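Chains here go by letter, A, B and C, matching the order in which they are written, and residues are numbered from 1 within each.
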Amino acid sequence: MIYMDHSATAPVRKEVFEVMEPYFTKSFGNASTFYSLGREAKAGMEEARENVAKLIGANNDEIIFTSGGTESDNIAIQGIAYKLNNAGKGNHIITSAIEHPAVMETCSALEKKGFEVTYLPVYEEGIVKVEDLKSAIKEETILITIMHANNEIGTIQPIAEIGKIAKENNIKFHSDAVQSVGKIPVDVNELNVDLLSISSHKIYGPKGVGALYIRKRTRLEPILYGGGQEKDLSPGTENVAGIVGLGEACRLAKEELDENIPYITNLRNKLIDGILNSVEKSYINGNIEKRLPGNINFRFTGIEGESLVLMLDAKGIDGSTGSACSSKKLTASHVLKAIGLEDVDSHGSLRLTIGPENTEEEVDTVIKEIPPIVEKLRSMSSIWEK
Amino acid sequence: MIYMDHSATAPVRKEVFEVMEPYFTKSFGNASTFYSLGREAKAGMEEARENVAKLIGANNDEIIFTSGGTESDNIAIQGIAYKLNNAGKGNHIITSAIEHPAVMETCSALEKKGFEVTYLPVYEEGIVKVEDLKSAIKEETILITIMHANNEIGTIQPIAEIGKIAKENNIKFHSDAVQSVGKIPVDVNELNVDLLSISSHKIYGPKGVGALYIRKRTRLEPILYGGGQEKDLSPGTENVAGIVGLGEACRLAKEELDENIPYITNLRNKLIDGILNSVEKSYINGNIEKRLPGNINFRFTGIEGESLVLMLDAKGIDGSTGSACSSKKLTASHVLKAIGLEDVDSHGSLRLTIGPENTEEEVDTVIKEIPPIVEKLRSMSSIWEK
Amino acid sequence: MYSEKVMDHFTNPRNVGEIENPDGEGTVGNPTCGDMMTIYIKVKDDKIDDIKFKTFGCGAAIATSSMITELAKGKTVDEAYAISRDDVADSLDGLPKVKMHCSNLAADALQKAIEDYRSKNN
């Protein structure tokens, strides 16, 4: 199998799994209990917290563990929105048009509850303009939430600049960094963020665990209530094994970042060139420079992405598509719409996301397999004409 | 080590761990993707859903997976409260005085948001009276949430009767069954519940995963927003390994329930008799009959629980206490208060909770170790006088 | 997600292509999910003598197109006209629920082609 869907999820690395293992059956204590077994669990958790903090330049006590990127986004956005709105500070939120549903749906739920939300455009490049942000800010703005890197087209947003503006205007700033952490350098102080979301399974940790960076003295209204764990914000018996896995994944990511970036970038560029050169009417969606090292989002005129992904699957290649046909609600990806693609063009998208375990031979195979599949699908397509 | 803190958490069973393992590193697909790897993950999840459903007599599509008992409780209680309140059905909630913080804190947060909450008393026995419930019901009552079995004193509430009354009055009924599922028979139809919370780590599954039973046609307002997973109620990339582990834990629990109940009850009774007979001024908190098979909650006059637990830990015995001294906020257990204990008496509580892997020899050891420890602590106690 | 039959028709679609100077031609498209299919027919002695399709769409869209060409071939025009969406889905051992309406347009396309044939021959 050639796995090129790393933005969807990644396997748990062997090294990560080995570190997690003892916490299932041996050091299985409840981290909130104070006898030895509980203390072992607690120690594992706190080491993990340190590893997460180090990866993003934060302090340990600025990290809380959550059940994943989605929960992190919800805790951050709802938490700031309710806290500041209750304090009479305003009801306006600024976000982008290409956020992950965990942010987008949270914002739209808040809209229904009386908040006002501005969705910044991203243009053909898939990148927000700082000027647009500036003009969107008003007296009532309490929160800016803009992702670091997009999960579909991989474009990287000008987070540091946005953070600076947020700070100048005394507006809280959250960034969903689920796709960027561990892939490119992320430093909460350089980026000027107050809150930042992380998900473990995107960086070779286990699914169902994540983290939220909360800058010191940033107060949130809780949305979940319980036994007080994780600063009362993500209560419940701690998923110790998962947390330890996330910690180890962060430690490894930090260690290997400098090596991975050029390696992955190189594979990606080779794959892009190989396909664009051999398939006519093939394009890249979104800015090609300001993009995650491993992200490719192709667009092939005249074919539909779900059939393309299925045919690649049959050849043992895993990728994904933003085609309406592959979505639960049969609507085209809001990201592809936001960069201006018509429905018929967004149908033809193929996302391949490369990880450090992909090889040059795999890239060669993919470059060989895609063109005949595209040709086959085009030959049966009712809208393809040479 | 003699582990007798099963109500706090349990180890992942070997059989459960083995079933989970492939989902970390091999079948690691995102269950929402439609190529082969994603379908494998999805299939594992759906088999787990069936095993959870079977254990509690539900249909598969009435089960959603969550990140634990705490999230299940929050989704259920906030979900019903907001849904029905928004529909103008009322704002009154009935609960008990001995709920787990996941329920209690949720109810008290709702109180701050304009809901009215009645906390039913439980008397010395630690059991709510159906008559009290009946008189608490009023026009505005939209939700009853009462736990099946208590986590500290193990008392079992008259859920089936309460459910019947809820039904007659057309009031939604949620029960936190985190402590009872897998320990005593739980059937959602016999119990007449509309919603029921489950946590994996209490039944030898992994931490950080749980389930919520939602009776068909019961509508909830979501509290977390994202990619639509788990009926839009618990969104986020599914914790497939964890879910598969919970499923296997449920399957085993169902298979072994009939065997475990008499075995555990027998050990428990032996331990109770052994201690009550050898330690003067020792008592059992809460009703002795209507109680989980594995739960013992002792009370030793004149000593403090945290020191007791630490001394037991030194002997390799793990238990817990409701003593104020062992809590984060230095307040006595609300459960012990609710059964009428004065602060000084609640200090002397020791909870031992027995699981199927405990042995008769372990019980004998505990019966031997406790009396000298109690004696030692009493001999240094300023409030103990023979 | 898809039945084996769907996958078979998707990976080895039958009767792909166009017919030059067809007796009837029908194109349908669904605005929501955006699939487009065209069915071409040749009629001889009131029977579907030849039938071909071209489809832009998902696995289900391609499989249903392929399946209807097999179902229709050799049938009388009236019989072919009576083939329903459900017939197509059933012959494929079912389709995923979300796809039932969106990708199951092949019956409509064939009916349109037959209507085109009838209007030309009246």
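In this section, contacts are C-beta pairs under 8 Å (C-beta built on N, C-alpha and C of every residue); 3 or more make two chains touch, one makes a residue touch a chain.
Bear in mind the structure is a predicted one, so any value in this text is a computation, not a measurement.
**Q** Connecting every touching chain pair, does the picture come out as line, ring, star, complete or other?
**A** Shape of the chain contacts: a line, open at both ends.
**Q** Which one of the chains is farthest from chain C, going by Cα centres?
**A** B
**Q** I'd like to verify one number: the distance from the centre of chain B to the centre of chain C, where each centre is the average of its C-alpha atoms, in whole angstrom.
**A** The answer is 56 Å.
**Q** Roughly how many whole angstrom separate the Cα centroids of chain A and chain C?
**A** It comes to 40 Å between the two C-alpha centres.
**Q** From the C-alpha centre of chain A to that of chain B, how far is it in Å?
**A** Roughly 34 Å separates the two chain centres.
**Q** What positions in chain B touch 2 or more of the other chains?
**A** Those would be 34.
**Q** Counting only residues that touch at least 2 other chains, which ones in chain C make the list?
**A** If we look for residues of chain C contacting two or more partner chains, we find none.
**Q** Applying the document's contact rule, which stretches of chain A touch chain B when the two form their complex?
**A** 1, 3, 5, 8-14, 17, 20, 24-26, 28-30, 32-38, 67-71, 73-74, 100-102, 105-106, 108-109, 199, 201, 206-209, 222-228, 235-242, 306, 309-310, 312-313, 318, 320, 326, 328
**Q** Can you tell me which positions in chain C touch chain A when the two form their complex?
**A** 2, 7, 10-11, 13, 16-17, 27, 32-38, 53-59, 61-62, 98, 102-103
**Q** What residues on chain A touch chain C, complex-wise?
**A** 302-304, 306-307, 310-311, 314, 323-326, 328, 330-332, 343-344, 347, 379-384
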